[in-house]
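Two complexes follow with chain A in common, the first pairing it with chain B and the second with chain C.
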Partner chain A sequence: MENRQNFLRRMMAVRGMGQVLTVTVGLIVLCIVFGILNPTFASSKNIGNLLRQIAPIILIGIGQSYVLITGNIDLSIGSVVGMSCMISATLMTKGLNPWAAVLVTIFCCLLVGVVNGQLVAKCKLPPFIATLGTMTIARGIAQIVNNNYNTDSIGDAAKGFRDFFYYGKTLGLYNTIWISIILWLIFNFLLSKTRTGRHIYAIGSNVEAAKLSGVGIVGTTTKAYIVSAFCASVVGLIICATSGMGTMDAGNMYEMYAVAASVIGGVSTLGGQGILLGTVIGAAIWGVLQNGLQFAGAPVAIRNIVIGIIVVVSVLLDVVVRTGKPRKAKKG
Partner chain B sequence: MKKEILRMENVITEGNDMTNLDNFNLHIFQGEIFGLIGINEHGKDRLVQLICKNIPIKFGRIYFFGHQVNSYHHREEIQNKVYLLGQSSRLVDNLTVTDNIFVLRKGFKKYCINKRVLANQLVFLLQDMEVNIDPRAFCMELTEYERCVVEVLKAIIQGTRLIIVDDISNVLSTKDLENFKNLLVKAAHKGHTILYFGSHHEEVFPFCNRAAFMKDGKVIKVFDKKDMKDENVIPYTISFEDKDKKIPEESSGAIYFHGITTQDLHDLTFSMRPGECVVLYDKSKKSQQDIISCLSGEKELEAGSIEINAEVIDKKNLRKKGKVNFGIIGGQAIETMLFYDMSYIDNLSFLLDFKTPRITLTENVKKSIQREYYKELGEEVYVTDIRTLDKKSLYNIIYYRIHLLNPKVVFIVQPFSNADMYVRRHIIHLIRTLKRKGIAVIILAVTISDSLFVADKLLLLEDGTVTQEYLPDAFGSIEISI
Partner chain C sequence: MGEYIVEVSGVSKGFPGVLALDNVNFNLKAGEVLALLGENGAGKSTLMKILSGIYEKDSGTIKVFGEEVHDMSPKKAQELGVAIIHQELNMCSHLTVAENIFLGREKTKSGILSDKEMEKQAKGILDKLNMDISPDTVVGDLAVSKQQMVEIAKALSTNAKILIMDEPTSALTSKEIDDLFRIIRQLKSEGCAIVYISHRLEELQHIVDRVTILRDGQYITSMDFGDTNLEEIIANMVGREIKEKFPRISCKKGKKIFEVKNLNAGKMVRDVSFELYEGEIVGIAGLMGAGRTETTRAIFGVDAKESGEIILDGKPITINKPMDAIRAGIVLAPEDRKKDGLCTKLSIRENIALPNLDIICDKLGIVNRKKEKVMTQKAVSDLRIKTPNTEINAGSLSGGNQQKVVVGKWLARNSRVVIFDEPTRGIDVAAKVEIYNLMNELKRQGIGVLFVSSEMPEVMGISDKIIVMCDGKVTGEMITEEATQDAILKYATSFEKKVAAEA
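Our next item is the complex of A and B:
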């Protein structure tokens, strides 16, 4: 009993956990409501599909959360997804070994992350503008790699690749879900248990204090953007494996989904706050809303409006809570 | 007959579950400079708010320019004609001086702007006040002194009745502050009224017509010009003397700074012992930012080296070795040195990351630190939201973080800025604690009065080089300038 209480106390001591629990309650309520509206929503088949649908959103949410916690934003994340999808598919259709194509793709995407980090931290460009630029560039690369055409099917030679990223199952769960779980565990450890993670929080919380404390601002910010680009590249590979071809508009609007997953889950757009568990819940809410509203017969436009409203309200709450919170002064 | 600008009678205000101003009385006349020195900061912010706009009060009356504007039963919903000049600029950086002074004001009616006419008008005004600023300069290009001057001119052009100058000594160098005070005196002679907030009587007395000490939301003593003497101040100040003189006199090892050269420093050479405090007093304020930029890796050291126990740190290894050997406490430390999104213990142990080969500090290590520092810091080590702490506790985090890191040298930028008398005494105690641990302290100062309570040596810097060295016996001969 005492151990359980200690565990709960430790858990609640984690900054941002309160918000995550609140959002989790919201998620449970949504699941119950959609389950009542249409019992098919709660079927095991739908839950499996839902998890597979959520997995890529969790991944790009993780990447975006890293960047948001540093107090920046990555608008290029969706285009990097598209770039990853197109580069990998093009290389595979040209006969390159699928795993070699994966490595080349990830390397190219990481370069975008490095460029983003340098533009924002070293050249001190506003992150919105810098990543808007790289967003267009990455989308352009996605279009140019196959001469402005979607690729042909990546073929049977890439069966192993497709099974690994999408169709295969391990221990009864789709591999896509396993990839998300493993990457979440790695990046959650990196963010919450390592020096780099603490530096990422420090930069977002008070960049001046971090600088004076000897934290490398350029290096740490670049690492956050690299994580973002890596996650986007993996999502691009998943999309490539899913469709069996490269599509130029893959990852369209994903920057929006990434921000939605992060901020709904309690990651602050002002930096310095948020945990990756929240991002998972945020992504789950996004997925449940999409899926549940679809079952409820709501058109796509309504779904987008609902999600948009939730994102705006989440950000508004964060801004109000953080900027409106006065420092309690003992005197004066 | 003297014309009254501001009269506050028995004003009581409440906020944040406490009384801010407690039976507060103040009387300011036209053409005078009234100095207000806070022994503590209690009620100061509320007082400024109250003078600028008529926020509700619990008791008392406030008269502005002869009219009752606020009382416990009625208040005028207007802003008084007051200009607040503080440490941060109120000018629009991307507009010119002329635009800021003439165009950005309520009474400016013209739709088409004739820049030449306005510039000529400003030139007359500048000549009248004997200042030299380019009317066409963009405000982002101005120095802090020029910014303050432009704000005063803006206040005059706006027709404000009272200019509040709020603790600007930290943003101006000694020389600039002197010039600025002269400007205020000229403005006062022309009939403008100034309420000057300062934290030292040495800063306020020389140029104010009257001054007052404020403590716990009350004016406890008003000084007329003839009473403004150091001996009259003693009953109202607190002692900064060291009660626990256990600072090691003869520590082993020495720290040598050999020919340190940066953009604004030229061949800076001196030595110090562990546990010693050296004040680098640079009236021009130029070297401060330069040193901090080099230490934080923003700029490169041009030449020179630092030798600590036979270990040489130069520009090649400054970034790597500096993290462990040097600590930095920036200016305005409460704003620049704390992570408000982290808990107390995470803030306290932040720098330890650089000392441990582990990838992170375990919870057990953090608990051990909490236990160790509980004796000195008390329950606050367990606080999760540091926003709830008072100023002294926030300073504890900043200084004990260095205590925990235990670097060889700590550089502190203007440690006493924005601190009332009680907080200044606490900071002095914290610096002494670092010294007792054997950490060499280098204070980068543009004002020196409080620094002398902890200093073992003072180096006067001019144009980036040491021109004079003072030891404690000679501190009395230094002309204190704040």
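Our next item is the complex of A and C:
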């Protein structure tokens, strides 16, 4: 009993946990509402599907959270997903070993992250504009790798690849879910327990103070963008494994979903604040809304509108809470 | 005490438009507390920023521990044992106290942050400083004074040999100042050299061994504190004859136009009262952070007021937002022209028209180009704004002409009171004179002129009445003819005694 209390106290001591718990309550309420509206919502089959739907959103949400915590934003995520999907599928249809294709794909995607980081931190472009540019470029690359066509089937040689990323199960859970659990554990560790993670928070909180304390701004920001690109490339591979082919518009709107998962989960768009557990809850809310509204018979358009409203409200709450605090005194 | 551990000689540093440091010398011995003194803009902070590697010097030499340092950077300064506590708080408000103290120097064990270890060490430093702050508190949740103490703890945690404190006490309570002084004495006894910058001259006697005085970017003198007194220090800080010529016109003092009664707004505006008469220019003097800008902002309705009365032409008026002030005829030419005063990417015409669109638009809200043009032409010719035409970007004008555009946009309305905040900052002498003439012209027209300036000669040269502020309060008011620079500086540094005099 005492152990349990200690654990609770320790958990509440983690910064941002309060907000995450609030959002979790929202998630539970949503689940109950949808469960009552439609009993099949809570069926084990649907829950399995739901988790598999949420897994990629968690991944891109992790990447976006890294970047948001530095006080920047990454709009290129969706296009990097498409790029990853197309590059891997094209290489496989050309007969390259699927695992070699995976490595080449991830490498290409990481380059986008490096470019983003340099443009934002070194060239000091507004992150919105810089990543809007790389978003367009990455989508163009996705289109050009197979001469502006979706690829053919990646074939039987890629069965191992498809099982690894999507169809296979380990210990009763789909591999996709395992991938996002494991990557979440790794990136959560890096963000909360390492020097780079600490610097990511510091930059987002007060870039000037971080600089004067000897924190490398360019390097750290670039690392955050690289994490973002890496997560997007994994999601691209998952999509490729799912459909067994490369589609040029894979990952369309995903940058939006990533922002949604992050901000609903309490990651501040103004930087310096948020934890990856929140991103998981945010992604879950996104998934439950999509899935539940679908069950309730709402068309895609309605789902988009609902999620859009929730994102705007989340950001609004964040901005109001943040700017409501007393500002630094001006001099005179 | 003996050897100089810091020797700065002949250092100059220029910023666009000003020479902030001109061939300055500065020395520091181990185990001493040196007060670096001077008026606003004397170059104290600039000199210290060069010493701590934040700015690069243009010329001169810096020797630390006898060795010349060529490429000073914040990192290099830290390695040499130079730590600076900045005037503005520089903390990551989302991180904890311990995280801030160790930012950039985190302790890790095989790549993993040793938070426990860092918190323990932070606790050690905080305990040593007698600070009742838990190392796992988020800095943003602390009061400003506590944040300041954390900043001090951070600087000390680097094991600094040379510690620079830029106005460390401005946000502290008296007990905390006592603690700080205790810490300073302790560090001194451990051989640490401390540079102490403060406007609060009465604090000096508690800790200071030596003073170095700068004035207008130049080295004036260094003295042992025991051999001097406050009068001599103030005389050296001010020490200049008023050389510049100020155009002055005399007008008959008319009726009272404007009155502020017991205005309170935040920490920096406490119980401010003053009056403004027709045909009179009132100058507000004071040091940085005295609350002058805050006062103008509160009057103009930019910042919220807590209490107080504003009376215009005998009638009390309510100002909750700038539009209320403008409608009533009170206008503000703000301190930072480029940031607050002008839309630098819009033309002169658009800038002048902006606050007057209600006058020049027809009922449908369409801008009447003819009226707009007439208004702009009048402003340009009345104020003698030097420009080929009214379509060029306001940002491309010289500083003085920009200032005239700021004023011009207000004069198109029939304003009753014009408030200038640092109207001549960063503009050349000839343009300054034009601004003075402009103020005089307003005065002649019976418009009340209130102006804030950090340059004492200017305040004394142009205003008819001087109000001195310090720490958010009006500490002195005098007729210009009776004012002296020493008196103004005395009022400007008359902080409430926070430190009980020692026996």
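By definition in this document, the second predicted complex is superposed on the first by the 326 of 332 C-alpha atoms of A that agree within 3 Å, B and C clash if a C-alpha of one lies under 4 Å from a C-alpha of the other, contacts with A are read in each partner's own complex, and residues count from 1 in each chain.
Assume contacts are C-beta pairs under 8 Å (C-beta built on N, C-alpha and C of every residue); 3 or more make two chains touch, one makes a residue touch a chain.
Owing to the predicted nature of the structure, the values given are computational and were not obtained by experimental measurement.
Undergrad: Looking at the combined model built on chain A, do chain B and chain C fit side by side or clash?
TA: Aligned through their shared chain, the two binders clash on chain A.
Undergrad: Mind working out whether A:22 is in touch with chain B, chain C, both or neither, as first, second, both or neither?
TA: Neither: A:22 stays clear of chain B and chain C.
Undergrad: So in the superposed three-chain picture, is A:170 touching just chain B, just chain C, both, or none of them (first/second/both/neither)?
TA: neither
Undergrad: Answer with first, second, both or neither: which of chain B and chain C does A:202 touch in the superposed model?
TA: It touches chain B and chain C both.
Undergrad: Please indicate which partner A:214 is in contact with in the superposed arrangement: first for chain B, second for chain C, both, or neither.
TA: Both partners.
Undergrad: State which residues of chain A lie in both footprints, the one left by chain B and the one left by chain C.
TA: Common interface on chain A, chain B vs chain C: 13, 15, 193-195, 197-199, 201-202, 204-206, 208-214, 272-273, 325, 328-332.
Undergrad: For a test of understanding, state which residues of chain B touch chain A in their complex under the given definition.
TA: Per the stated touch rule, the residues are 16, 18, 20, 40-46, 292, 296-298, 322-323, 328-330, 335-343, 346, 350-351, 353-354, 359-360, 384, 387-388, 390.
Undergrad: Per the contact definition, I'd like the list of chain A residues that touch chain C in the complex.
TA: 13, 15, 193-195, 197-199, 201-202, 204-206, 208-215, 272-273, 325, 328-332
Undergrad: Taking the complex as given, what residues does chain A use to touch chain B?
TA: Within the complex, chain A touches chain B at residues 13, 15, 193-195, 197-199, 201-202, 204-206, 208-214, 216, 272-273, 325, 327-332.
Undergrad: Inside the complex, what are the residues of chain C that reach chain A?
TA: 54, 74-75, 78, 86, 88-96, 99-100, 103-106, 108, 111-113, 136, 138, 140, 144, 266-268, 288-297, 335, 421, 452
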